[in-house]
Each structure stands twice: as C-alpha cells, then as structure tokens.
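Consider the two complexes below, in which subunit A is the common component and subunit B and subunit C are the respective partners.
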Partner chain A sequence: MSQKLDKSVAQKEVVQAVVIAEHFGNEFMPITDDTPLTLLPLLNVPLLEYTLEFLSLGGIEETFLFCCSNVVMIKQHINSSIEKSAGWSLTMKVHVIVSETCRSFGDCIRDLDAKALIRGDFVLLEPGIVGNIKLLPIIKKHNETCNTDKGAAMTLILQEAGLGQRGRCSFEEVLMVATPNNRVLLHQKLGTSKKAKIELPLEILMDNASVNIYHNLKDTHISICSPNVLSLFSDNFDFQTKDDFVRGLLINEEILGSTIYWHLIKGNQYGAAVTNWRMYQSVSRDILHRWLYPLVPDMGISSQQRSYIHLQNNVYRSKDVHLTQSNSLIEDVIIGGGSSVGDKTRISRSIIGESVKIGDNVIIEDSFVFSNTVIGDNSVIQHSIIGQKCVLETGCIVTKASVIGKGVVLPENSIIENYLIRSHSSKTGVASNKLAKNAYHIKPEESVESDAEDDGLHRKLSRLYMPDEAEPSDDESVKSSESEDNLSYTISPVPDDTNLFLTEVVDSLTRGFEDKLQCDNLILEINSSRYAYNVSVKEVNFNVIKAILMLPFQLYLGQPYLPSLRPLLDYFSPILKNYIRNISAMVDCLQAIEDVAANNNELNECVSAVLNWLYNKDHLSEDVILNWFSGIDKNTRFYARVEPFTNWLQQAEEASSSEED
Partner chain B sequence: MFNLEFQAVVLAAGKGSRMHEITAAKPKCLLPVGNKPLVWYPLVKLQEIGFKEVILIVYDNQKSEIQSSLDKLNLNVKIEYVPIKNEDQGTADSLRFIHDKIKTDLLILSCDLISDVNLGGVLNLFRMHDASLCSLFLNPPAGEHLTVPGPKTKYKPERDLIGIDSQTNRLVFLASASDFESTVTLPKALIKKHTQITMYSNLIDSHVYVMKKWVVNYLQTEPSISTIKGELLPHIIRKQLLKPKQKHDFNTSIVNTKDESGVFAFASQTNLDRLIQETSSFNDHHGDLKPSYHGDLVRCFAYIAKPNVFGIRVNTLPAYHSVNFKIIDKWEKLTKDKEFNRIDSSAEVLSNQVDDRCIIWNSCKLSEKTSFKNSILGAHCEVDKFSRVFNSVLMNDVVIKEKVALENCIVCNDTVIESGCQLKNCLIGSQHVVPKDAVHSNELLTQNDRLMELELL
Partner chain C sequence: MLEMELYSDVIKLISDIRHSKLHNSYDIAIHTEKLIEKLISEGKWNSAEDLMTLIKLRITRFANALPQEATSVNIMRHILKIIRDEYDSGFKNKGEGQQSAHHLGSTTMDDCEDYSKVLPSLKSSLLDNLAEYKVELESSADNIAAQALEHIHANEIILTVGKSSTVEKFLKYAAKSRKFQVVVVEAAPRFLGHLMASNLAKNNIETTVIPDSAVFAMMSRVNKVIIGTHTVLANGGLRAESGVHMVALAAKHYSIPIMVLAHMYKLSPMHLCSSEQDAFNICASPADVLPYSSGPLLDKVHVYNPVFDYVPPELVTLFISHQGGNAPSYVYRLLSELYHPDDQEL
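For the complex of A and B:
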C-alpha cells in the first residue's frame, strides 16, 4: 500500500535514470586497460559527461550510476565535476552504485532490483550513451501507453538511420516489425549474418491488419522502462543483456504478459552509444558536425568554461593552442588546450587531446590522439588511436586501425600497421610480442568456437572505419547476377533438392572409391538418386563432375590437390565417360570446373592440368573448350590459369591442320 | 485521331466458382444486384471516368445472353465482346488472348467489383511515377454480420499479404497468405532496398490493375503464367529487385544464370527519359543515396483506397448477399446520382405492403395481400396472394404461389415455390420446384443431379 503511494508521489516529483557504466567487453583494449569506458575521452571530454549532461538536459532529476570496476576513479571524477559545478550537477542528483560482483548487464539490473531504489518509470541507459533527446515527452508517451496496455514494459528509442549511414553499427543491423501503434512484434539483430533471406512468423502478419517492417533504424541503447522491468530481469536470470530481455519478452509474450513499444526519434534529435571503435569514430564525427547541439565543444560540454573556438570547416581550437603559420588544420579537427603543432604539419578529421606536442612535418588523418602525447617530426598517423602519455619518436608511421595504449614509447622510424600496442607485457595471459622497451604487441585472442573467417570479419568491423576498404555486403552487384531463385519469397524446393543430390553423389563416390566399388554400380546409384531428387540431366552432369572435383577435399583434406585428384579421375573415368556424352554435357562439365575453381583455389592452381587430362582422355573436345574459354571474364585469375592450356590447344590445332595440308 | 491513353478491359469470363450454388445456370456477371446485373457496375464506372470503348471478355457460350441483357441497359460506352472458348483459361490467358487488340496501356477491371472509389486516383499514381503496374486495394468492410442463406458453413475469406514501401507506395510484396505455413521469407535484398515496408494482411485486392502495354507483350513470352493476380503480379513485383544486365557483363559463363534478357527487353526506357531522370533533382525516397526509384525500370505501385470508400468484390455468397442489401444506401455514390428506378414501370404491383427498400424489376406481378420487405425481385417474378418475402433476393422468372413465407433467401432463375412453403435462410437453385407445404431452414434446395455435376466440377 505504502509502495503504491510512493509510486504516485514519485511520478510527480522525480524522473529517474539508470546508467550502467560497465560494458563487460574488451572492444576498447588496450585503451580501457586502466581507464573505464565511461571516462574515455570523447572530443577531450570524458564520455560520462556527455551522458550526464544529456540526462539533465533531457529532464532527468535523479540518476543512478551503476559501476562494477574502477569505482574510485569514477567517484573521483563525479566529485570533481560537482566541485567544478558541471552543468548537470545543478539540476540532477547522481548516485554512484557499486556492485563489483556483477558480470553482465542483467546482473546489474537484478542488483538494482534488490536495492529497491527505483520508484516509477525510469530511463535505462546502456554504457557509452551520448544524445540530445528530449526524454520527458517520450516518458509521457510511455506512461500513456502503460495506461492502455498494462503489460507495457519498455519503450525502446531508435533513431532513423538510412542504410549505409556510418552511425549504423554493423553489429547491430536491426530488423524490427511493429504495429502501427508502435508495439514491437519482432526485434531481430541481423548483425553481420550473410543469410540471404529473412524469416518472419506468419502469425504476426496475420494477427495484425498491418505491420511495419523497419530496416532503417539504429538502436540508441536508450529505453524507457516500467518498474516491472527490474522484476522481469530478476525472474528470468538468463537475461544477460537488453537484447536477451527484448527477445525473451517477445517470444514469451503470453507467459510473461509483457509488451515492448518503441519510439522513433527524427530530425534534430540524436542518440547513439559508443560500443566499439567504429561507433566511437562516428559519434566523434557527429559531434564535430554539431548533431549533438547543444552539446558541442565550443559551448563547453557540462563545463562552465568555453575553451574552444569554432572555426570554419568544423575546426575547433582551444584558445591556448600553439600553432605556427605553416601548419594546416584542414577539416573536422579539434585540438585541446596546451597543445602545440609544428611546422608544415597537416591534420584532418582528427581529434587531438590536451597538451599534445606534435612535431614538424607530421601528417595526422582520421585519427585520435589523446592527451599528453608527444609525436615526433615526420610521423604519419592514419586511422589510428594513440593513447595518453605516449611518445612517438621521429619518423613513426602508425596506420591501418592501430590502437596504441597508454604510455607506449615507440622508437624512431617504427612502422605499426593494424596492431594493438600496450606499454607493458600482459599480465592476464594474452599473448604479446615485445616490440620495444615500452611497446608490446597484443595478439587478438583466438576464439575457439567461431570459425576463422567470421572472427576476422568481427575484428575488422570493430576497429576504425577506413574508407578504402570494401564494405562486406554491397548487394548491388550481386543482384544482377543473382539467380532469381534467391529473390523469390516462397521457398522453392528445386535448389535444395539439387544440393541434396550433390551431397548424395559425393557420398556415393566417396564410398565407391573407398570400397573400390564398380563404377557401373555407382552410375546406377547416381541415376537412382537423380530420380529421387528430380534433377535435370544438365544438373546431373554438372553435379557429378563437381562432386568428383570436390572429392579430394573430402578424402585427403590438407594434402596437395592435384596428386590426390589424379587417382580419383583415373578411377572414375568410366563414370565421366558415361555422363560426358555430348557437347552440352561437356559444357556442363566445364562449368562445373569453373564453379569449383571459383571457390577452391587448389583447383584454380592446377586447372590446366585437369583440363589437359580430360582432353587427353577424350572427355572434352577442343572446340568446346575453346568456345567456353572465350566466354570467361578476362580479368579473373581463372582466365590466366586456363590461358596457357588453350594457347597450347590452338597451337596444336594449327600444327595438326598444317600437317593435314 | 489521338491515341487513347488507356484501354479498358473488363474480365467477365469468371465462373463464379466461389458461389457455384447460384451461378450454375446464370453467368456470374449477370447476377442481379439491385436493379442491374453485376457487370453493369464496372461498366458504368468506366463510362463515368470517360471511357468510350470497353473490351469485355466473356465466355463464348454466354456471349449472346450477356450481350442481349447489356443491350437493354442503354450504356453509352461501346462494348467490344471478346469471346473465349476454353473454360479453364485464367485471367492472364485472357489478356494474352487479346494482346493484338492492345494498343496502349491498360486498365483492367473485374466484372464483380462494386465500388464508389474514384479510379482517377490509381490512374494518377500510374501516371505520376510512369509505373509499370498499379494495383488498387480496398479496405475491408467494417465488421457486420448477416446470416448467409444456405447450409451453415464457415466462410473463410482468402487473405493476401501485401507489402508496400511506406515512403513511396511501391508495391514490393504480394502473396497469398495460404502460400505460407508458419514463416514468411523475404529476400534480404528487399529489406535493404525498401527499408520500411508496411505489410498488410487485410486489404482486399480490387482486381483493378493499370498496366503498361509492355506487360502484355512480356506475357507472350511467359506462357506458364495463367492468372493475373496469382502469378503475373507476383512475378512482375519480384522483377523489381533485378537490375538490367550491364552490356559488358563477363559473367555469362557462370552457371545458373538464367537468360535475364526477359523482362528488360520489354521494360525499357528511352534515352530521353533516362536523361531526364538523371538530371532531375526529384527523388521518390530518402534514406540512402540511390537515384530515384533505385534506378528501377520495373516499378509497381499500390493505391490504397481511403477508409470511407465503399468497395466490395461480389465473388462469394456472403458478398453477394450483403451487397444486395447495401445497394440502396450506396446507390447515389456508386452511380453519381443516376436515376434510381426502384420499381419498374412495367411491374404490376397490387400489394400495398412493399417497403421502400424493395427493388422490383420489369414485368413482375405482385398480387394483393402480399408483403415485401427489403427484397429484390427479378424480372417476370410472380407472387401470389397471402405470401410474404422478407430480406430475400429473387432472380428472374421466379413464381411464388399462395401463402408462402420467404425469409432471408436467395432464389435462382425459373424456380417455382409451391403454396404453403416456409423457407428461411435457404438457397434455392434454378429451375427447382419446391413442393407444397415444405418447411426448410438453412438449406440448399436444388436438383440433386445438378448439384452432383457441380461437385464434380
């Protein structure tokens, strides 16, 4: 009873926010070795200041800052900010909550539930939020939603962001299905998955007269929560992250009786979370481009001092920066107080911290240099992050998304490409190579479960964005050549059957070769699976050849390709003879070779030997080969591999025809 | 002479298979609705927006019957009857059949549409975007419940899934809901191209299509397509995701590339149009940096009628039943104030209990001491003394003897209901004789052999 009373009183009085300060990840290694994410400088101001300032401007009066590590540092920072009477400290109370046992976002919320500090609807912020969203109208809207739908637990705040916008985090490509009144029905993180199809449950489409399917949103990681969110987290201890929570609630909507809504922010409102270096980069740029107004450097973020002047081309310069006549700040640059820049140095699209000494003839592009660092003459820094108190001696080159931790000293003329460097050798068992006295190269942890390619992509996406790299998925070129089957929305059984047929053939052949079965029997077997899977003659020819060519990978994985293929070809010669009967079958055979070679470099290397063998055994005729060859893209490596063989063929032909004369 | 902008085609060769009980002996397009046959409504609609000529596709063996009844209606629009012979032809087959008559872009209507929607809206959308294809969708009628005559069956409406780009009204997805079991798969390329799609599951496809002439030409090359809605539309809509092949494409030898020359051999763009599009600052969408229409040559659009628009497709028994009682209220809007002749002058009405919601066709004979409420009586009907007819539809030449009580019934052509019958919620097939003093409710009354035949069909 008294709790209820409290709640109604609280709603009138204080709007509360919860900020989780811990990100439970190692994306920012080695910079976050000794600085918590919340104190990571963003345009020379700790990230936390943006978050708190945003909350106070958004109308929040009481904030709980939930910390799990580096508590002393954060507390100190809060206290010193209050002493300096930072903007937010005037209207908002900040309580630091410490729980060092929490291991995940979910743990933090459960801990918060146990502490019973929250009285009404509250704003929940994941780590690393910046924004200038007006929260009060959204909270009001959430309240109204709660009045009509008692189960409404959370309102997610998402921002419109077109495809290809750099503020869209590639890990968080989201597909959302919602009703016209903004109830979320499906919230799928597509991530970097390469699946060509999206599956939607038919039920959600049929149960609603119309639903909207969104793929033009980015998650701001800000949400408005009803008090029961806390108890939902406590009841479902498998919820580790907010995504778990959203997914769990949507799947078990009936059981948990809770619903999720969403709110779209548009126009001049902005929200984003710094979740990895790429987001850090895009958020920095957006702030420089004044999307976060009024939180821009020249207005003094949360501080009473306005130390920066805003010049054209979005150059922000602190008043006491030492510049010379000949250096140039090109665009999107901010230089903190006490820094000095040498002669003929060019800086563009970069953030330079406070008291940074940059020598002569230095080039800094698309990079972040934190405070108190010294950069020697003739250095080049591109797409990289240099931590605090580093020393780069003369002529260092740091490029390709390198990250250099606090206090690293790089000797003269070091070249660092795509490395993570920290100043001390690892204590935690992460492998590291010593480069210099105060520079150790950290090898990324090899994750065992995920396969190498996926991991590579993961790593690539979590570092800084470099414009010259090809984005992983641009479907434009794919579309024209993509067969139409991929575009149809009803599942067509044919390609699946053909795939099944292929695996069947591979199985038959493997077994046949191992048990030394008669090829005639194998042909019978293949033909019967052909009827079972209803594949056309063309596909049979194509897949049988493909299967034979792929067999070495099955039988002798890791061994040289050609020597293992030879006996197979000899053994299966009767089969080849049976299937490659006419010209069109030869074409199918050549296409199979092309297809396998496109995916397997091993075959690509020795393709002319394979062609030669097939030609010598009369499986392929000269005309067909030459005809097929004329259709291959001349710029491919495949073409280059085949060319010697066809040249030889042509010469042989000329020779033989001249002999006949 | 000017080239016409659009040619109108009305498809009236439907069998009415969803309401075979009443279409067994009568062409679907001649079913009486109000005081007109069904096909009159789309024809009037076309006449109203200025069409002078209409191509009407009918069955060969129904042609004379349809022609003679339409001749009586004094329509100003010139009707060119195109008879088709094969009963099982789909709508797309019909289009293919008349392709040599097609000189310009097409407006296609089905004979069973009764709506007060302004077709100008969908035509303008077509013009505005130089679309390949536009389709008109109607909002479902507000929830109502009428007892449908005949055996109690659950009528399950067929539902479509219709995906429309929220920004541009592009029609990007169309499929019947029954095509899917538990999940609907969308190509990722689709959601990447159209980042906000509204997926409707309750809209009604009005079967009003505006399409470019090339679509009919293209249809010639795709003989497997037999229906417009079920096959042609989804096919064309899917083609929107494809790009025409670049001329210098070296990938020709890669396996599985179908000959894609197909649609783009027809959906071409003049150089001038291309230059206009490239130089124009117009863009139909925002959110990515793609050119307007994403550079597509195939463009399908959807026009959703406003919620207050009345529209119904008379292709099921419930629809037929309910439209007959709505027609009086909607008459003014449907026909733009055409004179409404509720009781034909040639009818002989001796009864003094005919309420103002009854429609009586020519040459009816209503004896004295009969009572009529909310009913439609077709031509040459006769009703004898002491009978009453409530909420019912009587087609032509129905004879009702003395002391008959009909309530909520549909009675087909040439039926005789003997005296003393009491029928409620019944469907009475054509040429049937209901014996004396029969009492039925919620039944289908028809000759058994005819029904057998129907079921075999």
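For the complex of A and C:
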C-alpha cells in the first residue's frame, strides 16, 4: 500500500503554493505595530494557521512563505507549530523565504522569479487568506486550460456572494465579464472607483459571440498561476499588485500574449482574505457561522487539541471559562480559555481572547478583545478592537471603530470614540496626543497622493462596520457631477478602433511637439498607427485635424485657446500639407473643425481665425469652404461664427474677379 | 519533536481522516487495527502494562482530536481487552493449568490486577489474536450481508435513509435471490441517498427516491426500515445521520420494524446526557442549507446544519451484527463482552 503511494507521489509533480505574508499597508495600525498580519489572532488562532491548514487540506505539499518583516517572529511561530505537530506540518513542507528589500507584492513575485524555486503551476495567495477550497480539482482544470490555450497565465478563484451583505467590504466585490469558457475579458474591483457607471469597451461585445457579465462575485485573493506569471511580473516593473497584473494583462492581451481564466467555487467551499478591519470582522463572523467548516473553533484549527465547545446561537466557549451567569454570552461569541466574565455582563457578536478578565455590568458588542486584557466594571465596548494586555479601568466607554493597541492603560471613565490609541508615543513622527500615561492618540496619516475626501471614504469603508451609520451614499452628489463632466468628453459614437487611433495620434503629436521631433517622422508614426488600427484614409484626415485642434486642451489647459493653437499650427504645417492634399481631404478637414467646435466653445469663438489661417496657407481652397458653408445648419452659433469669414471670402472673390475684368 | 515521534502513527491517522483519505468507518477500522498491530510488533514495551499505557495514550490523543470518530477508539479499546485476556490466560496456563468456571467469574471481579509482569509469550499470542481479529473485521460486512435473507422476504418494500455501504451490501445480497422494492430517503441537505439509489438501481433493484418530507406518507406502505448508523450508544440508542430520528418516529407510529446494521466496532460505551454535550454532534457548513449568495439574509439568521441525529433506543427494533440479531436492551451485555470495564472511561 505504502509502496504504491510512494510511486504515485514520485510520478506526480509536487503541488506548490506561494503565500505572501506581507500586506504592505497600515490598515491594521496600531495592532500590527508589533505583530505581523499573519500572526494576527483570528478567533484566537493566528491567521497563518488558517492559511496553512487550508493549503494542507486543499492538497498542497510544498509552500513558500514569503516574509519581508518580523521574520524572526514568523519563523519562531512556524517552528513551534511544527513541534506541536500542527495538522499541516504532516502533509506539507513550509519554506520561509526572507526578502527584506521588497516594497510591494510585485517585488515579492519578482524576487521569487529570481530565486527560481517554482517548478510548475502553483497556487498564489495574497496576505491573510482563509478558506476551505479543494484546490486540486481547480489546478487540474487550470492544467487542462493551459493545454488548449498556451497563453493561459492565471486562474482567478472567485466566490458567488450576494450583494449588500452587511459588513462586507465593497473592495472585495468584483465586476467581471467573461466568455462562456471562463476566459476573463474585464475584471474590475467595484469599490476602488468612485464612478457610478461602468464602462464596457464595445469590442468585448463585438469580438465575442456571447459573454457573461457578473457582478455578484467576491474575490478570494487566491489564484492558480502558470510559471510564466513570474516572468510576466519581472518583465513589467509597473505591476505592483495582483490587480495591476490582471488589469495589465487584460489591456495588453495581444502584446503580452497571455490570458486569464476564472473559476467559481461552489457548494460548501469558502474563501476570503483579511485585507482590512472590515474584512477581519466579516471573516470572523463567517467562521463563527461555520462557513469555513471544517476549520471551525470547536474542531481545532490546526492543533490536535480541541478547546472549544459549540453551543446554541453560535457561542463557542472554552472549557475553562469562568462565567458567573450562564446567559452572559448571547450570540456569535467566542471566549478563550482562562477568561472570566462578571455578573450581569452581556457579550454579543464578539471575540474574546484568552485570559481576559471582564468585570461586572460590562456590555461588549460587535467587538474584538485580544488576550490578557482586563476590562473593568461598568465598561461599554462597541464596534471596537482592544489589543493584547490592555487595562480598561472602571467605567470606560470605547465605541465607534476605535482601535486600541497593545498594552494601553485607560484610566477610569475614559470615553474613546473613533480613535486609534497606542501605548507609546510614536517614533515615526506621526502626530500623537497624550491621553494618559500609557495611552497616546494617533492621528491617521494624511495621505499625500490622494485627496483627503477619497482617503476618508477609503478609511470609512475599511474600518469596522456599524449598522447605525449610513453607508457612504452621501457622496452620491459627487458621483453625479462627475458623470456630467465625463459626458462633455464623450463624442458621438465612433467605432472603437478609430477612437483609439485618435488618442494615439494625439499622443504622437503631443510628444512630437514637446520633443521637437521632425514632422516627417510624425507622419510616419501616424501612418503606422493607421495600419495598426485599420482606419480608412477619410478617417485619418479627419482625426489628424481633430487631434491638432484638440492639442491645446492637452498642452495648455485653461489658457486662451487661439494663442496656444497658433504655434501648433505653424509647427504642424508640414503634416497638414501632407494630409490635406485634395478636395475630399479638405472636406474632411472642415468636418473635423465643425466636430471639434461643436464640443468646445473655445474653438467655436475663434473658428473664423482658424479658417482664415488655413486659407492663407493654401491648405483650404475657397470653393470648398463656400460649398461646405452652404451645407451648415443656419440656426447654429457655429454658422454665425463662420459667416463673417465666408462673407469676406465672397467679397474678396468678387473683388478679384472684378479686378480681372 | 519528541511528541511527534511518540505519536507519529496516530497523528498520521488523524491527519488522513481529516484530509478525507479515509472516509468510511471500515477503512478507519482496518487502519487502526494495523496501527496497533505495528505498535505491538515494533513498539518499545516490555510488560502488558507498558503496552496498555501506550495504547491508552493514543486513545486519548485520538478522542481529543476527532471525538466524533468513535470507530478508531472502539477498536483500540477492544484490543486493550484482548491484551488483558491474553495476559490472564498466559499466567493461568503457566501457574494453575486448568481454569475452573468459578475462576472465570472471579477474574472479572478482580480489578486490581497487576499487569506489570513480563510475559515473553505475550507478543506472539497477541499478534495471533490480532490476525484473527483482523479477519473478523474484514469479514464483518459479508457476515452481516449473509443474514439478509432472514430479514428480507419476497415482494417486500424496504425503506432506507441516505447512504451506508453495509446496507448497500445487505440489500444487494438479498437481491441475488429475492425480488423486493427499496425506497431511499434522499437525506437532505447532503443528498447521499441519491448515490445510494443509483448504486442499487445499477444492481437491478427496484428503487424509488423520496424527499425527506414524504417519509411519513410513505411509511404506511413499507414493510421494514433498514438503516446503518454512525455509532451505537451504551443504552442502545443511535448516533446516526441527521434525519433518521424522524424516520424512526414515523416507523414507530405505523409499528414498522427498524433494523440497524452495525459492525461490532460501532458499539461505543458512550451515553448521551444533554443536547449540548461536547462533541456529540457537529454542525457542518451552512452552505448546503442556505447558499452564500443569499446576501443580506445571512446576517439576519443563524443557520444550523447538524451532521448527526440521536435516536432513542425504544425506537430501534433490532441490531444486526456479524454475530446475529440483538435487541437494544442487550447492547450493555455486548459492551461488557467487547471492552473491559476499566477501559470504558478513558
């Protein structure tokens, strides 16, 4: 029997997984000041144990754990788990890889590529994963896909989840467009953009006979990767996160020659990542509700010892908890070993760590209390996180998504609302106010790159969920005004390739003007894009003129239009000459002017000056202008603007003809 | 590391069960027996006492990690009994020669027996005994199936719940010489009844699948209920697949006999004391009951998906083991034959 097993193992490749242990963010401040995210207790068991046990149960035999900081702590933890013969340690090898120079997820992958440890398809896990997904069938499916499509790089694993689930973070919700054979065409995280509308490129609908559009999906942050994912990360230095990677690959599908597939997990499988406090709360609740079965507290996560009893209303009580009243634990509660709960205390929807002393008359709701903390009598804790070894003296009130770091001592009757508190003043220069001897209030860092409003929304969405708080619908007005702005840019529906061609031409011209390139070279460039996008001659003429006329908006936004257009026209004169060769080209040119003027008032006002310049330089002939003018709708403002010029033309013509006579 | 080496065999067994490499109780039974056989032939022990301590440690270890899997613990417990018997008879044969009937009775009374003496022949006699026991385990299912013709008669309608490999074998055996109908209750939310029905239908047994809600309506037409079980408790009650209690009550209402096919290793000296007893029952993922895609509803409800049901002994008519049929009231007697009284509580 064992021989047979050995043979089958030898024949089959070892399935590998890569776990990135670093989350490169400060969402979990100040709790993660001294504990890495991977060792954050989730229902009193370090997060890493869930990840590793999940991989082991999922059929993975070798795991690379990629750490950038707190390496000693993580290594210690792994070793002590192996000594205690944790479940995963029997069937899976874990290698800790250290790379302290990495600054992003992408860096880690590039480093991994340099180390050449991966032999075949592998499972890639972003930080903070929990799950109970059976990975082997999905890997097999990925393999089959690779056989039919050589470019298949990645299979994303997603879970169906109803919209609007309380406390779910909107960053985890995904809009996806895919072909019936599960090839991803568009992948967008809904929470990250402020736009109320979603733009679907027309080509997605034109190129595929049928597409499926999903918007009820939740990202599990787990993916199956082909080995070429590593080299793709190395080739594209701008890929910082997995989302960058997915977006980049989808946009440049033809250039990179790679495709992305997806897999929907069904039935009693569950996967999620702890990416911020809100997800931490949501995942905790899902585990209490047993979605992660068999990784539930009463069965022991990875240890051989089970210490919790599962009671009614999803109450999990350790065997040595001291309760004064049996009805203190109301619903969705887990309470760790060695804790004691006082008289008339009510605890609901909360996680209580090990050796926590809770006094009399305390109310704890929707909160997380980590181990070895003491909570005094008459305290109230709602929607908050209390770190390890804190002391809350009598009558403290902690509410509204406050986070209290390790070792904080709050004096009697403190009231804490929506604060981050740590026990020592900060070294890094983050502003902090002293509240008490061992309590400093941290002001969240003002983000430099993104505007404050955006950042505030981000923070609001990522902290703990509070039911009485209106969900961020108040920025509805922002959304609508923004969409109006967008409208002015949307031009009459042009087939997409032409549109792309236009942007390409604008880019070429901008670059050409800024770098003072030869106009001949620019013409060459435009012609090559013309072939790339398969655009007709007529459209080329139209779009080149349009591009030149729109250039002032790109280069000198907010400055007077005409003075900025003049040098451009002079500079691009050879190009104009090249494209406006015959009468039909002149008609295209005039149509372009009309088109741009219709959308931009600036050009509208000085249109006669532009026409005059073109006429003087012999780009346009007067017959064509007059002919075109007769076709214009007489009621428009544009007509009124052009009229003086044509009148002058006619007069000039009459004058010249009379002179000839 | 020391701990790991000491218990590596039982930890491996636990891990295999968790990774569902071993899924039915028969596989677990055979693996446990092999594990102990290996321990006896290769482990470091001198006296029977040493060996018993080793096994007891494994029992606690296993019971702690997987309290719902009674099979493995029962096998090890029975082997403890074999060791005690072998030790006793080894010394009896040496010292007093013939055993009197009177003596047989008194040995069981003798609780403070000393097992620390070294008995050189113990290892070989134990291995012989275990080989016998293994054969007993391997043939248990066939022996149970062989009794099928005593219980299933021509043109009867048999009702069964969910999937049990023992019941499947039993019915297939009867189908070789008799014609009868089987009604399979699908056993939501796991629906293992569907698999059972398709297996039976492949064997040309006339099979009907009914939903759990139709059990009461169907019961009046049924001649017998034949089910398997996860564990038989000390009082003759069952820890069976969820849904079986309801079937048993319906059968009681119509006075239909319920037969429970149980291998000897399913008999456990455990009692049910309260509905919240630790590790008696277990709740699986709610996904089978209410999918995760239900959205906001999930926040408002608690969903329970228990794996087991408790069936009280008065609802069971007959247990069929490889030794024949027994009434639930006789289970306590079987237990005292299987396990030494000292080993019942560990």
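Everything below uses one rule, namely that the second predicted complex is superposed on the first by the 449 of 661 C-alpha atoms of A that agree within 3 Å, B and C clash if a C-alpha of one lies under 4 Å from a C-alpha of the other, contacts with A are read in each partner's own complex, and residues count from 1 in each chain.
Quick note on the criterion: a residue touches a chain if its C-beta (ideal position, glycine included) is under 8 Å from a C-beta of that chain, and two chains touch if they have at least 3 such contacts.
In this text the structure is predicted, and so the values were computed from the model without any measurement.
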- May I ask you to decide whether A:G162 touches subunit B, subunit C, both, or neither, giving the answer as first, second, both or neither? both
- Message: Contact-wise, after the overlay, does A:Q591 reach subunit B, subunit C, both or neither (first, second, both, neither)?
- Response: first
- Message: Quick check for you: in the superposed arrangement, does A:P294 touch first (subunit B), second (subunit C), both or neither?
- Response: second
- Query: Of the partners subunit B and subunit C, which touch A:V211 in the superposed model: first, second, both, neither?
  - Reply: first
- Based on the superposed arrangement, let me know which partner A:G87 touches: subunit B (first), subunit C (second), both, or neither? second
- Task: For A:I632, select first, second, both or neither according to whether it touches subunit B, subunit C, the two together, or no partner.
- Result: first
- Query: A:K516 contacts which: subunit B (first), subunit C (second), both, neither?
  - Reply: neither
- Task: Report for A:Q305: first if it touches subunit B alone, second if subunit C alone, otherwise both or neither.
- Result: second
- Interface residues of subunit A shared between complexes with subunit B and subunit C: 160, 162-164, 216
- Note on the structure: Within their complex, subunit B touches subunit A through residues 140, 159, 161, 163, 166, 173, 175, 177, 179-192, 195-203, 238, 241-246, 249-258, 260, 286-289
- Query: What residues of subunit A sit close enough to touch subunit B in their complex?
  - Reply: 160, 162-164, 175, 177, 190, 195-203, 205-206, 208-216, 475-476, 478-484, 486-491, 542, 591-592, 594-595, 598, 628, 631-635
- Item | Residue ranges of subunit A touching subunit C (in the complex, touch as defined) | 56-57, 59, 83-85, 87, 90-91, 132, 159-167, 216, 267-270, 289-294, 298-300, 304-306, 309-314, 319, 331
- Query: Which residues, counting only subunit C, touch subunit A once they are in their complex?
  - Reply: 1, 3-4, 7, 11-12, 14-15, 18-19, 61, 64-65, 67, 276, 278-279, 282-288, 291-299, 302-303, 305
